[in-house]
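Next come the structures, one after another.
Paired with chain B in one complex and with chain C in the other, chain A is shared by the two complexes that follow.
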Partner chain A sequence: MEKRGQMQMMETVAILFIFFILISLGFIFYTQVAKQSIATKAEEFQDLTAIQVAQLAGSLPELQCSEQNIVKENCIDYLKAQAAPAILAKPEYFDVLGYATLTLQKIYPGTDEIPLYSRPLVNADNKRASFFPVAIFDPASSTTAFGVLVIEVYS
Partner chain B sequence: MELMGLAIVVILLSLAFLFVVRFVILNEPADARQSFQESELAANFLNTMLETNAPECSDATMAALIQDCANYYDLQGRITCQSQGSNLQSCEFLKFAHQDLFARTFETWKVKYYFEVYRNPQSPSTSRLTLLTQGQACTGNRRLKVQPLPVAGSTIYLGLHICS
Partner chain C sequence: MKAQIEVQFNWILVLAAGTLIFLFFFGVVKWVKDRAEQNSAVTVSAYLDALLTGSSVARSTVTRFQLPSQTVHFICDSYRVGESDASKRIRNKIVFAPTRIEKGSFVAWSEPWAVPFRVTNFLLLGSPDIRYVFIGDENDPLFKELRAAFPPELEPEFNPSPFVSTNTYKVRVIVVNDVPSLAVAPFRSLASEDFTALSLSGTELDGSVTLTFYQKSHPSTAPHLLGGQSVTAYGKAAALGAIFTDTIEDYQCGIDKALVRMRNVAAIYEQRAVALSSSYAAHADLACQTIFDGNVFASYATAQPFDLSGLSTTLSISNFDAQRNSCALLY
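And now, the complex of A and B:
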């Protein structure tokens, strides 16, 4: 009778042991998945920041093309872009653009590169670049070149 | 009795595991950047490209060159461009210009694309006329931007496919 009781006790302990192992495995699995989910969310947030910076940069009067006060969409004024690095280096633009690097690349005709804004985050864990084709209008010659706005966002 | 309990626990854990796999792991994250970039990229690329002036062709816009190529396709265009010391008609020039433009953009960014300029058939019995192509046709999903361009007597279409 005593032996049977001991056996049942052992069985209960074994079942509880297995149960807790399963619970622990489930918990470990869940934390791993949650960690991965948080990383994905952080990446998504960074992507949205890049899109936001791109839209803000494209709508800055300091860069965009206009003729008789009519703004031209998706166009950067070449002369304004040349003056932009000194203007965008002012502290107030950090509130708008944050930790990012904006570079205007002229692709055709000829090649040119104008660093518009540069506030890289020192010791950044992650840096993602986005490319947005833009027209570069030169008011001096009234010609349009094909350009790319390169936006690098840090986190 | 205890075995029944264990079986229930295992079943519950399996259900929880299946739930996590279905809703967390297999749930594709919405790549905001990718979808935004793909749709914006194609539209911005075509709009910008059409506005671009070619100094080799007396500053004619790419849109004007494409229209000239389509209007005088038998002659390979009537606008003459001077490129690398030789005279090229608009159709020939566009091939080189597009090749260069795509190589410096999509190919550098490792984005798969397919670009075509075509005229729809006049009647269902005739096939559509492709004036220019660049890149390789997408095999899977794609985002497409089509830009119509008027030419003499009809309309041509510029299609830019961004392969996903």
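And now, the complex of A and C:
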């Protein structure tokens, strides 16, 4: 009689043991799937951030050509671009552009390069570069050059 | 006797194991639910951030979008989605929004702020589920301007009669060139921050206007409007921003950020003016050089909203002079 009781007890413990093993396996599987989906989402968010920085950089009144507040699309004012690095280095612009570098490259006529903003992330896992062809207008000489605005976003 | 004890022991064991298993599952379900809510809040706030950025770079546009089953709470420089503890900073964007927007439709209206050079776009956030009620003289130029400017997507009401509760979760009353003297009693049940009023005094939205913020008394007391703190706003976007903000503190928070940005943009224009002045001096173009030497961009470094009207007029005149003399424009 005592032996039968012990057997029953053992049986219950074994069932519980197997039950918890199955639960743990399910849990491990769930965390693995969750981890993978978090990684995918993180990548998606990084892409979104890169797009946002490019959108913001392209619409900065600190760089854009304008006349009486009428903005010329895809145009950078050369004199504003020369004054911009000192202003864009201020901490408040980190909120706008984050870990990124912005460089204006003049391509024709002649070549020139103005580093507009530089806050690279040390030990970054990713760097997404975008190139935007722009007109570079110099109001002093009323001439327009062709250039590229290079935006590199670090994450 | 022994068999009886054994049967009872078995029942106790089953009960204990059952409770344990029940608690275990209850814990797992709660954990998964919390994680899903947190995940959803993170996803919504990331997409909301992207939507707000997209809306803020576009000029004078009204975008309507849907928020999935989450309430968004706005506090000064940050927002929080749902009941999540983590708030996300608004960062670069200058947002004017009520303290909360409940799930459903969301309207983002971007309006450029110019003083008179363009500084940035203000992002005005509202919802058609919030009641915007304008009260004033129909022939008042400011009232007419507001009527024309306010987006129909927000379903504004102009001088509704009778002014009764329609069970919206928030009511914003805008009184134009008058002191609010409303019958607040029908809105007794609304919380103080959910029934607010703004008095707008001035002649045109593009100039200087005086804004006075009011709030309904606590629901437990006799309903009346409290407050009356005033500020000066300059520019259409700044005046409209006040319509979308419940409290003077949140409004001031947005304006302070805008003033910092304005000073930076003015500093760039100032250096540009110096470079252009040197260029005109080198070409012995005295007329243009004088215009650029006399620019007032430096005065923006310490300017407050009440200074902006005078500065804007001076700068507009100089810009007109530059145009008349065929010089490059100041802004």
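One rule holds in what follows: the second predicted complex is superposed on the first by the 111 of 155 C-alpha atoms of A that agree within 3 Å, B and C clash if a C-alpha of one lies under 4 Å from a C-alpha of the other, contacts with A are read in each partner's own complex, and residues count from 1 in each chain.
Methods note: a residue touches a chain if its C-beta (ideal position, glycine included) is under 8 Å from a C-beta of that chain, and two chains touch if they have at least 3 such contacts.
Quantities reported herein were computed from a predicted structural model and do not represent experimental measurements.
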Partner chain(s) touched by A:139 [first = chain B, second = chain C, both, neither]: second
Contacts of A:32 with chain B and chain C, given as first, second, both or neither: neither
Partner chain in contact with A:71 - chain B first, chain C second, else both or neither: second
First, second, both or neither for A:126, with chain B first and chain C second: neither
First, second, both or neither for A:84, with chain B first and chain C second: second
First (chain B), second (chain C), both or neither touched by A:92: second
Which of chain B and chain C A:12 touches, first, second, both or neither: both
First, second, both or neither for A:48, with chain B first and chain C second: both
Interface residues of chain A shared between complexes with chain B and chain C: 12, 19, 48, 51
In the complex with chain C, residue positions of chain A that touch it: 1, 5, 8-9, 12, 16, 19, 23, 27, 34, 41, 45, 48, 51-52, 55-56, 58-59, 61-62, 66-69, 71, 77, 79-80, 82-84, 87, 90, 92-93, 95-96, 139-142
Chain A-facing residues of chain C, complex: 2-3, 6, 10, 13, 17, 21, 24, 28, 35, 43, 46-47, 49-50, 53-54, 57, 59, 89, 91-92, 112, 114, 116-120, 260-261, 264-265, 267-269, 271-272, 275-276, 279, 319, 328-329, 331
Complex contact set, residues of chain B against chain A: 2, 5-6, 9-10, 13, 16-17, 20, 24-25, 29-34, 36-37, 40-41, 44-45, 47-49, 51-56, 59, 61, 97, 100-101, 104-105, 109
Residues of chain A that touch chain B when the two form their complex: 11-12, 15, 18-19, 22, 26, 29-30, 33, 37, 40, 43-44, 47-48, 50-51, 74, 107-109, 128, 130-135, 143-148
